[in-house]
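Just so it is clear, A, B, C and D label the chains in written order, and each chain counts residues from 1 on its own.
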Amino acid sequence: MNKVVENVEEACKDITSGVTIMLGGFGLCGIPENAIAELVKKSITDLTCISNNAGVDDFGLGLLLQKHQIKKMISSYVGENDEFERQMLSGELEVDLIPQGSLAERCRAGGAGIPAFFTPAGYGTEVAEGKEVREFNGKPHILESALTADFAIVKAWKGDTAGNLIYKATAKNFNPMMAMAGKITIAEVEELVPAGELNPNEIHTPGIFVQRIFQGETYEKRIEQRTVRTK
Amino acid sequence: MLSKTEIAQRIAQELQDGWYVNLGIGIPTLVANYIPEGIEVEFQSENGILGMGPFPFDGEEDADLINAGKQTITALPGAVYFDSATSFAMIRGQHVQLTVLGAMEVSETGDIANWKIPGRMVKGMGGAMDLVASAENIVVAMMHTNKKGESKLLKSCSLPLTGVGCVKKIVTNLAVLEVIPGKGFQLLERAPGVSVEEIQKATAGTLIVEGEIPEMKL
Amino acid sequence: MLSKTEIAQRIAQELQDGWYVNLGIGIPTLVANYIPEGIEVEFQSENGILGMGPFPFDGEEDADLINAGKQTITALPGAVYFDSATSFAMIRGQHVQLTVLGAMEVSETGDIANWKIPGRMVKGMGGAMDLVASAENIVVAMMHTNKKGESKLLKSCSLPLTGVGCVKKIVTNLAVLEVIPGKGFQLLERAPGVSVEEIQKATAGTLIVEGEIPEMKL
Amino acid sequence: MNKVVENVEEACKDITSGVTIMLGGFGLCGIPENAIAELVKKSITDLTCISNNAGVDDFGLGLLLQKHQIKKMISSYVGENDEFERQMLSGELEVDLIPQGSLAERCRAGGAGIPAFFTPAGYGTEVAEGKEVREFNGKPHILESALTADFAIVKAWKGDTAGNLIYKATAKNFNPMMAMAGKITIAEVEELVPAGELNPNEIHTPGIFVQRIFQGETYEKRIEQRTVRTK
């Protein structure tokens, strides 16, 4: 089952204005750099982006925001991005803020065919507005629904031609659940190997969830908060 | 009056051996520097690591290894990486014994507000709503008053809530307090040199003072 | 009339390139032996493997590597192992394009019964209820009649149901049929040498016969 | 964080009659052999066991059935065990049969603090009796609740002193979810190593879910259906 496409252009060829896209990553860690650059290049607009964060002003999803390509963001935390805050407060950008755990679980649910589940997160807050509340074990919970997307774009460390993926360290984050929840899931990887080279015991995302895979060209892997100690 | 570092130091006394702990950004992060002797705890960061270690040495940063504050970190022996759904399964499923986080306001019924100032600051709640709705033990680390000198311990919160009735303990620069549902903030300890009257003055919500209030030990 | 092997052979013609397929125990398992030339499919077994290969050579069995029928198997290059929750996420989330399974009864509305005979056989549904409730394409592989000669294609099922309105296609020893909701079993193909009348006689539910019914090719 | 206990006796010391126990494994694959033997030896009774299968007559959970130690089984498939079928049909044994995917997801939900979720599995069948039905995207779903247990007993291939676990091949099955759902989770492993020896990228069950870990003494690893081809 060969899922390999030539390059990022080929992988993103049918992503058009107005679609909903999930993008893996936490801050700038584990984001699909090549595909984001391609979306910027394609100049498509009116995108709904589901991503935990919105990048920084000049990297990650911030690049799409700068060019006003995003109509709506569904995220949990969008600090560290002045342009985002400006567009949101001015009303140019629709924003749906979701508790991080609910965002992760809603993506997983979307991929797993679970249309809705109960969670305690957000009860009694504005997140719960319009949502069903039910008590379990004496504790109120709200009903959250599944999220899916026309395209999910994820970034992995290693991948094989069958679409199996291995992530590195905390660059895993939202990538595995989003890979499950895309109608078409596109994976970009740092190292693409033939099927059979990855240990089937060590694979994080089974290839069944991935429709297209390609090797990314370069990775800047920008660090958002470089914190070090001295020897 | 405690410094931020001393607030962290006092909170570290709450740690118990064998606990998994999630530390929020800011003062809570400093708690990791004051783990009491003979106690072993493991730090969870909700972006996907258990067994978080100190910052890396200069030149050894790995862009793929960060904490929830997006800071470069290291992993200790026995560490493990996982995805965000698994991370919040740990949190929501109450496998994390203690959450320490900052707040803009806390109410005497345990409500907490720390994510939004309407029309002004909208960064998002991140994992805070999941953490406060799920944790069995929540300790809030904050200044007793805001920059304008107004109390952050209120009868009810004025800002959009992060969670309802979830805060158990508060450690501020002035005091250690416990939320007693239906009653108010019970004063447990005073910061060195701070009087009950000063704490009373800085507390807008109901303050419960019973008997002699000891000075905290650091 | 088709043998069990020929039923599997006919079902294999339904396979499309790039499909992920879940094969049930019995006749469905045999489908793997007849993958058409030039077509690549991958087999999922719900106990936790994608890329299931043939049985191992004698002496090379691994107790830790089995399929959902508890048979020792092998893994092909590109295979992957996963837990049961992830496995059914694939199934429930409709990432598996085709499910082939056996049945005791099928109704003309697409209901299926294959897990229980009250008071007599109670083995449990295993993954069958998840599979039939979730799959976009379900092909039932079974004999047209039971051991007593009674039709297994009914107006409505008499046994406890496994799923409601989910069967799309049925391949029996006599025919290939499609379930047309609200109408009945549409006869698509006859087994070699079997007449429409014979199929009609063996079918208790509504049989829809439109025009010339071709003989199936194997 | 050292989770190591001396041996199986120590690991199971507070498991008493009447408790609810989850046991990992699929058929005889990936079952906690040492702990099951210990439960037999302890002769505790009135157990509620949550396990996908019930073993065979003379191995796995079949050993507990033989001695009538189990009051109730919660499973998805219990064929291949005549004694089980006899006890169930005669009414000696309470049995709750659950679709396999719902069983897996209910254990995960129990461990993940999700009290209930909707699934299409079982709609219109006796599994749906008494359960809420709701339509999503035009398709009926039923509401299923979380499962937890006083003890979860799982079997892994490798484990470290911090309780991190790696499973082998399809011996993984229900073990990871059950590890999440136990109030006390006991892991028996074929190979116990010091914390730091397992690659943190390759761990399947994070140690936070495991309270006790020990190295199993011997593993019979009986094969239920030996199927081979000839060279």
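Throughout what follows, a residue touches a chain if its C-beta (ideal position, glycine included) is under 8 Å from a C-beta of that chain, and two chains touch if they have at least 3 such contacts.
Remember, it's a predicted structure, so these values are computed and weren't measured experimentally.
Undergrad: Can you list every chain that touches chain A and also touches chain D?
TA: B, C
Undergrad: Centroid of chain A to centroid of chain C, CA atoms only: how many Å?
TA: 36
Undergrad: CA centre of chain C versus CA centre of chain D: separation in Å?
TA: Whole-Å distance between the two chain centres: 28.
Undergrad: Let me have the rounded angstrom distance from the C-alpha centre of chain B over to the C-alpha centre of chain C, please.
TA: So the centre of chain B lies 55 Å away from the centre of chain C.
Undergrad: Out of chain B, which residues touch more than one other chain, so two or more?
TA: 49, 75, 81-82, 85, 88, 91-92, 134, in rising order.
Undergrad: Quick check: what residues of chain D touch more than one other chain, meaning two or more?
TA: 105, 108, 112-114, 119-120, 167-169, 200-201
Undergrad: Select the category (line, ring, star, complete, other) that matches the graph of chains linked by touching.
TA: Looks like something else, not a line, ring, star or complete graph.
Undergrad: Would you please name all pairs of chains that touch?
TA: Every pair of chains in contact is listed here: A-B, A-C, A-D, B-D, C-D.
Undergrad: For chain C, which residues count as touching chain A in their complex?
TA: Touching chain A from chain C are residues 18, 20, 40-42, 44, 49-51, 75-82, 85-86, 88-96, 134.
Undergrad: For a test of understanding, state which residues of chain A touch chain D in their complex under the given definition.
TA: Going by the criterion above, the answer is residues 105, 109, 112-120, 134, 136-137, 141, 145, 166-169, 200-202.
Undergrad: Under the stated contact criterion, what part of chain A meets chain B in this complex?
TA: 26-30, 52, 75-80, 85, 88-89, 95, 97, 99-105, 107-108, 119-127, 157, 167-177, 204, 221-231
Undergrad: Which of the residues in chain A end up touching chain C in this complex?
TA: 1-2, 108, 110-114, 160-162, 164, 180, 194-196, 200-201, 203, 206-209
Undergrad: Under the definition above, what is the set of chain C residues touching chain D in their complex?
TA: Residue positions touching the partner: 45-49, 54-73, 75, 81-85, 87-88, 91-92, 111, 119, 122-130, 133-134, 160-165.
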